[in-house]
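Working notes for the structure below.
For reference, chains read A, B, C and D in written order, and residue numbers begin at 1 within each chain.
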């Protein structure tokens, strides 16, 4: 397959692993993130099939321009990975309304904007795939993380609604529940935890790619991923 | 019990039934809604233990002022019903980002603001109860209602997170999944549907009141409510 | 209401609390358990509106006879509490197939037999209520309790299926998820745990009774109950 | 990988597709079913890496013997697909206790017996994979199918419990929710439904195989599969 994918919310870690994996499979990949310098460095490293598009995914105009830039370079969008996520790991007494809003805006509102920009290409073409990166807090509201929980639940609700609406039109919408901590990029963190307690981002990328390759007769809406030792 | 309750998002239908039921049980009730004329008429009808407080629950300053007004009249808040809800019954290709945001702002963001205003009273006092009004779209993202689904999921995630955080501190947080259509107030709608296909708002109010009376040794986080004939 | 209730699987603890509560509300109560001596003592204590019926609920003939005995004394059955539960707290490598089967037979198979015996009375009469006692292991398969988890899941699946089938026919089917440990009867256990860490069976009974009183316009299929300090 | 897999409950349709797919990937496959003639024909067709083992999976002795036969031919078991399923598509008023039990015995009890036989090989070796075939009725109790729902819920509860227990020991337990109807084998059924309304069993097999290949840093407990046009 030579597909054009957009990864909205690339960063060191899973975002980069997804980019590398999709490139390895022959895709051309548009990378959205806010930091211009990080993106340029990354795309230089990834080669000609990767396009850095500094984009604030919470700004409708910027999102439209970002997709236009990818389209101009690689053609219509086939795959969208809504991968951006906002922190907001505070309890209800501590979180500011602004931080609560920010978590939602980056993951839910940004996910809507990117999806709305990508869907027309998919409908005109041969269908497509939209994958949302979720978390355990999308299925169990977490003590002390009211903003993150509300945002991740919102994303899951959006993904389910879109799956029901778009499936019959040939667009596969999926939601991946990542349960546990992803290995920090080498050299970025010291940790006492054993390696096997982390999710390997390259392994996560295997399951994202599997979702993209699923035949439309057997599509998955949701799967969970966790290290084999993770208590849950 | 003589408790002070705030109902955030009162309107004809369930909001009014909740107000009447809580008043019948001896509570004093602060009523928040945007329409001043509607609220004044309602509180006049409900009597001295009801206080109309025209409030935009998406505005932090207005919310603070609203709670202050109730406190001044009736004392510290014991019960908060986060009952406001925004429509957004459109599919992902049709909904405007503004409508998507509005649905979230009224139910999730407004729910946060009201909760943050009420919690300190409950912690200083003898505990309290916060109930969120949910919907089927809080547990199953609905085809063609991406904004409503994302907003209602967000509320459920927030409720779960808050229940885990606040339960040990003596605040009971609950989420009611209303599955089906509530009887329209008399004279407001013509319908071909049989009466038994609707939820009676007075009956719903019974279960809200049950949640308030639960002993802290046996609290419910979530219950669903539907007409006996509702297919689900 | 003067209703006739059957509590299938009475024992010290919640079963007894349910019996007392339903009697206090004016019901006549048939008590099923295997131990004849325990039941006789209990019913003597509870008075004339309680009938002890030693019954093996996993035996179709015994179940029929048990219901017949209650009917003969108190008239047709209005309420059935499927409250029996089998242990099986072992992991998959340790549990014997016999213990695995026993857990299912007591809770799922016995629940079917009792429901099938009670339903005709409810259909001929004015409807009725069937409540299944569930547990956290009915919604999250528990590490090291494969038999208990499989049995409790089975019960929940049965309750959901029956709720959908019987609701439109006027029978309210509900499933109560009890999350945490119920206070041991006085004098039966020493414990280091604080009292507030336990569910009070009388408080649980409040919510069972609430389910029985719900108007058919607003029925609950499932609610959870836990102590306010329970981590979950 | 040259793995030894057992498919418990092979039949025309998904069972056969799983067998072919696992053989294509280089596995040796033991096939369990009750019908000797069907199995012999199938294994003749599949070649030397397939072994027909007529087995009643609800009989502990037969299950032990079946695994012993596979072990003798192909070595220790690495993968177990618990694929057997019993019908029981009747409502609570119509189903016989025997049919209710049969559905549970084939899927839940048989799944336990096969898992208990396979686990020691996996623990002594390099880990393994156990996959349970589930259905929508494992997550939503279906109106008019109380036996099937109870059995499928039981399987899901067992799978979750086993995943938590066995994951840290290196055994990957997964549960696949098949939502919709699988294409009938060619020539076996006439249907008015369009081909795209069915799940293609070969496509389902892709996701089973993906589960087997997942790295232990990112294991999936549950995924759902449905045709893109399936309403859900």
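The rule we apply is simple: contacts are C-beta pairs under 8 Å (C-beta built on N, C-alpha and C of every residue); 3 or more make two chains touch, one makes a residue touch a chain.
The shown structure was predicted, so the numbers you read here are calculated from the model rather than taken from an experiment.
A count of contacting C-beta pairs for C-D and for A-D identifies C-D as the more extensively joined pair.
With centres set at the average Cα position, the gap from subunit B to subunit D is 45 Å. One finds 32 Å separating the Cα centroids of subunit A and subunit D. Shared interface positions of subunit A, defined as residues touching 2 or more other chains, are 164.
Chain pairs recorded as touching, per the definition above, are A-B, A-D, B-C, C-D. Residue ranges of subunit B in contact with subunit A, taken from their complex: 60, 91-93, 95, 97, 100-101, 104, 108-109, 112-113, 115-116, 119, 137-138, 140-146, 149-166.
Against subunit A, the residues of subunit D that register as touching in their complex are 164, 167-168, 170, 172, 183, 196, 198-200, 203-204, 206-207, 210, 213-232.
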